[in-house]
Amino acid sequence: MEFKMDWERVERIGLPEAVHAQSKTPEQISAVVEEARQKGLALLVTRLEEQKYHCLGQELQTLLDYDPLSRTAILPGAKIEQSLDIRVAIVTGGLADMRTAREATRTLEFSGIFCTEFPDIGVAGLWRLMERLDEIRTFDVVIAVAGMEGAIFSVLGGLISAPLIAVPSPVGDGVAEKGQAALTSALASCASGIVTVNIGNGFGAAHAAMRMGKLRSHVVNQDR
Amino acid sequence: MEFKMDWERVERIGLPEAVHAQSKTPEQISAVVEEARQKGLALLVTRLEEQKYHCLGQELQTLLDYDPLSRTAILPGAKIEQSLDIRVAIVTGGLADMRTAREATRTLEFSGIFCTEFPDIGVAGLWRLMERLDEIRTFDVVIAVAGMEGAIFSVLGGLISAPLIAVPSPVGDGVAEKGQAALTSALASCASGIVTVNIGNGFGAAHAAMRMGKLRSHVVNQDR
Amino acid sequence: MEFKMDWERVERIGLPEAVHAQSKTPEQISAVVEEARQKGLALLVTRLEEQKYHCLGQELQTLLDYDPLSRTAILPGAKIEQSLDIRVAIVTGGLADMRTAREATRTLEFSGIFCTEFPDIGVAGLWRLMERLDEIRTFDVVIAVAGMEGAIFSVLGGLISAPLIAVPSPVGDGVAEKGQAALTSALASCASGIVTVNIGNGFGAAHAAMRMGKLRSHVVNQDR
Amino acid sequence: MEFKMDWERVERIGLPEAVHAQSKTPEQISAVVEEARQKGLALLVTRLEEQKYHCLGQELQTLLDYDPLSRTAILPGAKIEQSLDIRVAIVTGGLADMRTAREATRTLEFSGIFCTEFPDIGVAGLWRLMERLDEIRTFDVVIAVAGMEGAIFSVLGGLISAPLIAVPSPVGDGVAEKGQAALTSALASCASGIVTVNIGNGFGAAHAAMRMGKLRSHVVNQDR
Amino acid sequence: MEFKMDWERVERIGLPEAVHAQSKTPEQISAVVEEARQKGLALLVTRLEEQKYHCLGQELQTLLDYDPLSRTAILPGAKIEQSLDIRVAIVTGGLADMRTAREATRTLEFSGIFCTEFPDIGVAGLWRLMERLDEIRTFDVVIAVAGMEGAIFSVLGGLISAPLIAVPSPVGDGVAEKGQAALTSALASCASGIVTVNIGNGFGAAHAAMRMGKLRSHVVNQDR
Amino acid sequence: MEFKMDWERVERIGLPEAVHAQSKTPEQISAVVEEARQKGLALLVTRLEEQKYHCLGQELQTLLDYDPLSRTAILPGAKIEQSLDIRVAIVTGGLADMRTAREATRTLEFSGIFCTEFPDIGVAGLWRLMERLDEIRTFDVVIAVAGMEGAIFSVLGGLISAPLIAVPSPVGDGVAEKGQAALTSALASCASGIVTVNIGNGFGAAHAAMRMGKLRSHVVNQDR
Amino acid sequence: MEFKMDWERVERIGLPEAVHAQSKTPEQISAVVEEARQKGLALLVTRLEEQKYHCLGQELQTLLDYDPLSRTAILPGAKIEQSLDIRVAIVTGGLADMRTAREATRTLEFSGIFCTEFPDIGVAGLWRLMERLDEIRTFDVVIAVAGMEGAIFSVLGGLISAPLIAVPSPVGDGVAEKGQAALTSALASCASGIVTVNIGNGFGAAHAAMRMGKLRSHVVNQDR
Amino acid sequence: MEFKMDWERVERIGLPEAVHAQSKTPEQISAVVEEARQKGLALLVTRLEEQKYHCLGQELQTLLDYDPLSRTAILPGAKIEQSLDIRVAIVTGGLADMRTAREATRTLEFSGIFCTEFPDIGVAGLWRLMERLDEIRTFDVVIAVAGMEGAIFSVLGGLISAPLIAVPSPVGDGVAEKGQAALTSALASCASGIVTVNIGNGFGAAHAAMRMGKLRSHVVNQDR
């Protein structure tokens, strides 16, 4: 067998194993999902394009809870119980950032974390942020997803005290084509204490929030 | 003679000739200034580092009005009278952006344009912008100078209706080291109708404002 | 609802809200257009590829005035009346730049601004520019669209006194493949006072011209 | 006065204002420090090169607690009391990463956060990490500083469950010259949930840890 | 005839000629394979996409031993006998790296070199490497294939004494999209004595191993 | 001895050997010049910074004809007689491009080629080019040297029929800092048949002109 | 009409107008060809992909002499007679470089220039070059086309005295994917006097050769 | 103590620990050397600039065998005896590449490996390589050091059968300024089986050769 899933990862570091489908063939994906099913384990699949999803067998398609916007599929099953008692806000700069944002949402929901999306909070219309700022401030961790110039990262960073995870999204034209402008904005922000993940990495942002969640919950010392 | 100044430029396109000192030797700079002096013409010298200024002859040093922060020198003399009836606001993101901003100020003042600096208007402390927004809105053209992630460009762009000229400044660390992050932010801004000049180009921003000024003044058709 | 249009933007900063269709699904686009229709508002949609346009419902397709070259669609409806009394020239370097140029034209026409296209004014055949220079000089603002090396920006910049907005277009081979060479040419131009927008951003150039138009018109102080 | 410190930032978002000295003149730095002193406030100055420190007046030099390795200076004074009850581990890949790591240490100590440095934990000698892994696992937040290829980020990420903040450091030759290789390693890590700050940004990493600390402490809701 | 195969290369430098199909038309590929067949020579074809393979004539398709994962085809035939008495381990970071790894495997097998694949040895689950380290250490040369951040190169480099050839693979998102992050990791590794080939170049890695193999075998001096 | 000059190059390909001083120590340069002197051969040294020139022995300094602007030194001596009957025009975009242009001039003069400099022919003041165009058209080969955006390459290319060699020069700010913008302009020019050499490579441009000169002269077949 | 062909270019600078089809629609191409046909002029169309060629009307397809490898089409017709008495060698590094090389061949043949292709002269098998070197040396101008690392440029440059035009071709994997490695090799060559055109620009190389040809022929002074 | 030398590395993987001095302070370097001296161990220090060497204490300076060209220092002492029975050729493209080449030489000599330098083997004068090719072919491993366009890597790769380690060196102007062009040439080489190390990494190339040497010697299985 060509792969070796890290099923014990959730016990080791508290983050469940997942499958990144992008460079994998439908056969490889099916095999991993099948292995999880046989073990009775829940499994999250990310970056599963719709047409690749339809290449999986009919039976697997039925088993999986598939969401085309975020390109994620979830296989129901047993999970390690964790009590991560945090609430995560997911703020998006524009409608086009929803693909990446929803990946974060689905990843958090898969692990039972409470989260709320705040869509279309662009800085070009600052009032949209101001209207909802008080609500955003009640969350423990904020994930901000933005493409183009990513100015929202700095504006938010100066207004909230919670951990702020910037996710540059691959949205924009010309110099911003693949999210590079938003990435450099996040890294070079004049607002201090902002952290960043890779372009389009909603999954990674969710896992980062879960690592932070351990500071809050009672399982924080489980690996000590 | 190795150079040929474009002394008639001001008559042709309304922008006075200037000398960019960066890649020129002190001898070359002296020769140009000398030629202007003999013609009795005023002259603006930009990017004149302090030590290069001190390499010019003692007499020239005395003649020139030198400003070390903006690295500009002004030779007094005759100018084409233009009546550009505009008021320009120069907003800076942080203290370190003043070098570039002051170059714009000096260039505008050299041509008799009214302008006001609004220093230290960073988005990380949004209240600093909000406090002065009403005043900024009374200006005809706004030049915004910012390094790092340049988020101020987008925030301002969503709040004012005047022409907004973004000047990325060479201020920042790591990925923002030479102003590249601010430049891409300006170009990729989600606020529409923002225009940009080269990194650190306060002089160019001032000249762009002067071009716009012709829309306002009575000399707008002079070259038709 | 996942989006929040900024319908009041035109009142706030004088630039009407528009929809950038590139990273949006047909469903998302339909929903926004539908909302505008119900409010009786006119709406401009940009970067709407022909095949995505055909994915919109038959009824919407009929309602929209679609132009495949510029990839723009216009929903007729009510607009805030503005009296921007300017004339804009749109100069293109070559036939292939027309896609970007036409986006500017459509955006200006949507807001009732007078504009004229000057196609195929490349510097390799300088006579083409010289033949029409006097006519170009009668315009208040000039938008120049060019790919490849973008030399037209500098040539024009030295010949006209009006505001000059350079739009690098994504046209060229090898090192110029995505408009990067034209962009750096615009930023590094030896002609002073040229301003730039993002690669291919005809829409942004048009909005920049509209900002400048306020200097000319009687509504310039509306937001003071 | 050309600057406007954000002295209330600590109350607004829990992070004290600091001065980034890199692009500022000694006069500008002195003025800010002086203002803090007159208000009786403590102040952290970062990126203060040794020779610039010696350009400050003799009196200021004496007042400041200066550390040449991290290029930080601390002005003693009043601070907002915060009870951030977290312990931070600072792991460095090699001796040369200490400059950046110490900046994080000093920033945390300035705010009264407990932290411990784990120097020279490079992956080329994996035993160095393994020897101290159990101890590192007892900390609430881990900051990892590494230049060159930054492989330590991924190795650590697979071994600990705490929040992991990667700080690429500007250490390396050739393709790694300015920390770019370590930055891309951090962003592209196969270990999930790692977050990153800008190259060399020990200060930002410390502030990020402090934001996370609010999840742990009793002041977490202070800005709600 | 437009091409000139280097059929004597194997005699000159010990590496058999091969055909890189990527930028060649099916006609060009057929012609080369045909020539080899007429000479009765074995031939390896690399980067032969499945659809291009199916464009070759039916007869050629039958003759060739085609492997879609590695995109290689082998024409059976005469080979120069070499006795390269080495054993090569091929370690991959993740399932998606198998395309590149298999190209190395097929190239080695074509020349009769013994090799073994060690799939899915990612550093995020270090135990996967540790479990098989002793076995890997018994090989003469190790080829490591990894995309994303390529941390496995450094970890392996610190644990084994054999020659280690890093092959960055074009696997990853955002900043790692085309293997660039893994390439810089390999070049900037803190583990010394690692060598690198181009992104995705499994073929080149295999040939490099064969060059090293001459140190071991009795034919090492054949070209002296 | 660590070096091996190619003294026969002039006989082999008609281009005399030269010494590129940039990465060489004064000792290495002295040794080469000394060897030439002992053979009685003329020698051109390029990129010899003034301070490095002064590190050569007093005797060598006297022997060499040194020009600080172009950073070239010439050792008089025997040369292979060539009759390259061409006239070369060297057009520069601005005063700062003279360093690079003069390197071309000196290289041509060293080989006895007739050349004339046309300084300060920038496109921002097109009349400067037009005034001298007829004269430039009388030359056999034109070398154009320009930094910043390099628009002069395309303008000239559309006006003259002679071979046009573009030399991007390392002059400019921001995005043009090291001549990169001028280089891409030269490569992406819309004027056809322009050729380019490396940034700042006046020496290479001169040698390219000499290669072309063989088409004109009677020695063109000497190496056949 | 949206375009303006430069039909007089051949008289002005000796290079006939051509159509670059890449970013043009079939309609635009048809219109230009039609105009040429009505004027009775010959016309060269470049970068005309096979499928776009098939979108032209049936009548035009028949009129045009189309070559799919080079993606060029030739409309027969009247030409300005030029007597460019030169012979051009076109050397290619590998089979995949033939697309670009053939574009040069077709462009030269369109203008009646004698040229010969020397295919598959890669440096990895130096004997292939050596076998044909004497023949190559009899040509007046050499165009070398190579992708990957472009080492052939430097090797040839050290062996021949004729003008050498390097054409980087978009052939290669990983770091060489789009011809960038070959381009930098051409520019940075240690062999002096090599000139370069844009990646894949066989057309430009041919026109550059034609400019050089004027040095040889009797029409060299036509534009004086 | 802030550092932890890996003194056992030579036993673990056969490569002795060394100190990379570039980003370390004189104090840090002294401390490491001192520790080695007290243990009686030999130690190699690399990238030790001459002025930093002179900052070490007088006693240390005397103890160390310092070579300014390669910027290496050697502390005599005990070494693990290894019998690596290989001969390494170090070929350099030009005089300026000697700094990097000598670092390889010194590293090999420190470990008792026989090596010979072949200086100034540039491809622009191919005869220099051909003259010495037979001699180079007698070596077991070849290290080639070249800056600029690095064509020598491909030429050598096609002529020898031994393992070939390319070391791009930071020598060149314009696009080759920091060795990037040579690096891409090495990676994209058309000669197969070439491997590469980081720019300027003579030390790494030497260690790579030592890893290969284990294939030859009797200690190859020491870590099994």
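For reference, chains read A, B, C, D, E, F, G and H in written order, and residue numbers begin at 1 within each chain.
As a convention for this text, a residue touches a chain if its C-beta (ideal position, glycine included) is under 8 Å from a C-beta of that chain, and two chains touch if they have at least 3 such contacts.
Values in this document were obtained by computation on a predicted structure and should not be read as measured data.
Novice: Among the remaining chains, which ones contact both chain B and chain C?
Specialist: Chains touching both chain B and chain C: A, F.
Novice: In the chain contact graph, what is the shortest path length, in steps, from chain B to chain F?
Specialist: 1
Novice: Where the CA atoms of chain A average out and where those of chain D average out, how many Å apart are those spots?
Specialist: Roughly 26 Å separates the two chain centres.
Novice: Counting in whole Å, what is the centre-to-centre distance of chain B and chain G, each centre being its mean C-alpha position?
Specialist: So the centre of chain B lies 44 Å away from the centre of chain G.
Novice: In whole angstrom, how far does the Cα centroid of chain A sit from the Cα centroid of chain E?
Specialist: Going by mean C-alpha positions, chain A sits 35 Å from chain E.
Novice: What residues in chain H touch two or more of the other chains?
Specialist: In chain H, residues 9, 124-125, 157-159, 173-176, 183, 187-188, 192, 198-199 touch at least two other chains, as defined above.
Novice: Strictly by the criterion at the top, what is the full list of touching chain pairs?
Specialist: Chain-chain contacts present: A-B, A-C, A-D, A-E, B-C, B-D, B-F, C-F, C-G, D-E, D-H, E-G, E-H, F-G, F-H, G-H.
Novice: Which chain C residues qualify as touching chain A in the complex?
Specialist: 2-4, 6, 9, 20, 22-25, 28, 47, 168, 170, 178-179, 183, 198-201
Novice: Can you list the chain F residues touching chain C in their complex?
Specialist: Interface residues on chain F, with respect to chain C: 93-94, 122-126, 148-151, 153-155, 157-159, 172-176, 180-182, 184-192.
Novice: Would you mind writing out the residues of chain D in touch with chain H in their complex?
Specialist: 69, 95-96, 98-99, 117, 119-120, 124-125, 128, 147, 171, 173-177
Novice: Sort out for me which residues of chain C touch chain B in the complex.
Specialist: Touch residues, chain C against chain B: 12-15, 18, 86, 134, 137-138, 140-141, 158-165, 183, 187-188, 192-199, 203-204, 207-208, 210-216, 220, 222-224.
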